[in-house]
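Multiple structures are listed underneath, in structure tokens.
You will see two complexes here that share chain A, one where it goes with chain B and one where it goes with chain C.
Right, the complex of A and B next:
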């Protein structure tokens, strides 16, 4: 059975990537299971999706503990423990990463024993229009690494999953997925199917007895104020809303009220100020601003510009 | 028949579509919302005929479902977790009206604390309501069970609402290959609802489900509901047989997997039971005679069937993805009562696992089988076991340490 995990941020299309790969396997006659896993958060939050594919009915369920292939659409997820990018990897796990840096740099940085392959066109997520196809690129690349999926099945699978978004989106996604597929001919079939879990000589689970503890400790309480402020959800942002104060009319109740994260405060002069520590980049403010005075800029570009001036 | 990749939610919506439901009162909740979104789209495009109404709460939604069912139309609704609890007053109430409809529940652990992933305490809160309950383990089964549930609930010998249960995430958002029956075949299996006297009309006032005060009439009506639920056992077998003839898929009240010659079996319900199948395959490979009994019909509870299936079995690992606080796993209690007094009854070992979607690892299934086998040999049931590892406890201790530091810093909670 193939066990494949896609890691990205909400909005990057990891669910779509898993579905394209799932549909492609299905078209090749495989039994398939694909699913996204996320919590209550939205755009920018770390999410993963997974695909299982086998030549017989699949009984396994839930997250993948021992992946054959891990796809990372956003390299900034690797140091975030909660993202769990490297969970359960071994020397036989192939890591496909979207990055401008070399395979060797990543092998050293992650102390990674297995094979690392860079996503073709790595790092090309700068323009917003391109970000939408990163899922399709990941799926196309993964399909080639698995080596069991034809170019034709991949193209049809992209249509299966993207057609509802319109012809232009489908064509663009198909083109990018196939380009990634073609570019990875040198690594075709490098991902190997994992074995069934062996019931002989398994490592017994380290079960523990839970003891009854005082309610003060055992109730799910946090007796401190404003702890959510400590969580820098601004790190999830891929696009940054930037207010152009030359065009801002000061109708601050619009953006500040509609910001779902209360990350826009109004200062003493009545001007809106974005709290970039907590803005997740959902861009609701960009959409609702009456004088169109808020722009969306790629976060990476803004950070690079800031570093250059610093 | 078309075989496509569908989520559990998509399969539930397809079930409602093939059942040609007339009315869908709806209210969104994660992880169920995709079901009513799908139905809303089909009503909008004209692929389905009928009406979907968004209510202001699950309490109103269940009331609307029962009231509409009382007019003799085919009604479908869906909810999950806190939503089911919010509608709970009406869950018990409409079951007493003796009008059939199907409610899909997408299981999600109950607050507090809050979670989004699956366990079965939401469904079990409705266990004693009078609703029948079918618990699914695959997306295919979700679609099939919606069709089965209408035939079962609408049968004149039963006339009760039915919950079709699927697990959040592990089924609701998971795509698997699903065969979508042709509409004509589905209509052959499930003809239009013949309400036979169910005809509540605003224009023809009548009093339905009147208030009764006093134990005598109350006992009669409640026990009649119980007897109707018990009737549903043989009726279910009949309908499942007809379904198998029509579509070639068997959905018995208790699914058995490699259990014939097993001396140890897993007993559980829901989607994680397919993980148990994988574990059974692994254990068989290793030469162990282990099998699985999966409870599909929670209500009515197939007691006699379980006694028959467990005759000759030495040990049962009961895996409860639920917890009755102050007692333990609910299925363990239910199975123990079913086997009480049975000669050479198997030994039961109680495991609680998968709460709030917590995974159950393959090695945990292997270990549960080993523990149960040893207990059966020794003749003494082990203490109930929560599936919880040292690593998980370390993670908890870390979180608690953070909370304790905050408490000291703020001086709160002294």
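Right, the complex of A and C next:
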């Protein structure tokens, strides 16, 4: 059985990627499961989607703990524990990553024993409007790495899943998926099917037993205020709004009111200050700033520049 | 809690009460409206939240609120609000809390509950004259589960359950009129993209006692398919094209607080969103576009 796990951010089309790959497997006669993980499918938040494909009926359910292929549509997810990119990988797990950096750089950074393949055109998708096709690219690339899916089945699977979004979207997605498929001929079939899991080999998780508490004490009451600030939603950001204070007119009631996340505070001098721990990078502030004094910079570039000066 | 009267954008609160770090989508129009409203309502509030996107605001142990919050099933937030209000009234009556410890009761609900599942409980609460503010963030579909159509979905919009060439075949329910037919104390439509209009209405609603509706159109990048940074621009277009009339109901009369003049063609709004793309591609659907424009024209013909 093939077990494939997709990692991306909400809006990058990971659910679509899993559906395209699932449909392509199905067209090749496989039994298939494809599903996103329900719970946190927010724009920008880490997203998971799963595909299982086998020549026999599939009795496994739920998330994929031991993947044969991990697809990472957004490299900025790798350091985020909640994204769980490396959960359950082994030396035989292939990692397909969307990045401008080399395979060797990633092997060193992640201390990764298995094979790493870069997504064709990796790291070039800077424009957010283009991110919608990343899912199709991931599906096309994954199909080639598995080596069991023909070009024709892939093209038809893209049409199956994207047709509802209009002809232009379908054509663009098909073109990108096939280009990724073609570009990875050197890695065709490098993903190996994993062993069938046997219920008899099941080991229970190492639960920590907690003694039952009185209902009042154990009820999920939150007794502190605004604890949400402990959640660093700044990690969702791929583009960073930066205020050019030379051009800022100080009309902070515009940006700080319209920031949906309360992530622009007004300081004692009345100047707006962006809280990068929580800014999700929606860029509403860039769009509404009357003197156009806020620019959007790729988060990765800003972080690299900061590391270089630190 | 601000007590001054808001006249200009400059008067809007500069400290924000709603905590950051919520799991709402980047560019969420509903969160935008809620954070503006919370600054004005203040922390002496109990939010009774019907199941929907915003129930994820408070997932143990995290909450963005500085006051109380309670979670109910989708259809029963007004009933929950009744219980909270009654409990507070009993505590006050028995002098177990001083009057300054009283809280105002706010229902927070999406359109799925407000226009559909929760309508009966809402009607009952208005009927009983419950003293509560009813805040609906209307993103025109069941957004938390993948944007299936709801009673608030506009005609012709594509949703995950109306994906055909003509989109949703139904009509957006007129929740404002359903409310005003009950003769409540107050009802208003707002949008986060027009913070001054919103603030004036919230200040007014806050001072009244009885059932009060605040209905906020909530542009939804995920469900409506647009880049998150366009949330505010799309909100402004909703007002300027007249598809989302800003109005309020007070003392039995409806007053439009913003009459767009000249009104922009409604397609300026529609073409910003993927959920209406099928009206423009592969070929313009003149019939459907004309139908949508005619409905907006007919609405304003009765106002102007």
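As a working rule, the second predicted complex is superposed on the first by the 210 of 310 C-alpha atoms of A that agree within 3 Å, B and C clash if a C-alpha of one lies under 4 Å from a C-alpha of the other, contacts with A are read in each partner's own complex, and residues count from 1 in each chain.
As a convention for this text, contacts are C-beta pairs under 8 Å (C-beta built on N, C-alpha and C of every residue); 3 or more make two chains touch, one makes a residue touch a chain.
Note that the structure is a prediction, hence the values are computed from the model and not measured.
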Touched chain A residues, chain B compared with chain C: C
First, second, both or neither for A:23, with chain B first and chain C second: first
First (chain B), second (chain C), both or neither touched by A:198: first
Partner chain in contact with A:10 - chain B first, chain C second, else both or neither: second
Touched partner set for A:227, first chain B, second chain C, both or neither: both
Chain B versus chain C as contact partner of A:65, first or second or both or neither: first
Touched partner set for A:266, first chain B, second chain C, both or neither: second
Which superposed partner A:110 touches (first chain B, second chain C, both, neither): neither
Which of chain B and chain C A:254 touches, first, second, both or neither: second
Partner chain in contact with A:207 - chain B first, chain C second, else both or neither: first
Residues of chain A that lie at the interface with chain B and also at the interface with chain C: 40, 220, 222, 225, 227
Touch list for chain C against partner chain A, complex: 9-10, 12, 14-29, 31-32, 35-36, 43, 57-58, 60-67, 146, 158, 163, 192-193, 195, 221-222, 227-233, 274, 277-278, 281-282
In the complex with chain C, residue positions of chain A that touch it: 10-11, 40-45, 128-129, 164-168, 220, 222, 225-233, 236-237, 251-254, 256-263, 265-266, 270, 275, 277-278, 280-284, 286-288
Residue ranges of chain A touching chain B (in the complex, touch as defined): 19, 22-23, 26, 31-37, 39-40, 58-63, 65, 196-200, 202-208, 210, 216-217, 220-225, 227
Contact set on chain B toward chain A in their complex: 5, 30, 112-113, 116, 169-170, 173-177, 271-272, 274-275, 277-279, 281-283, 285-286, 288, 357, 359, 361-364, 366-367, 385-391, 393, 400, 403-404, 406-407, 409-410, 412-413
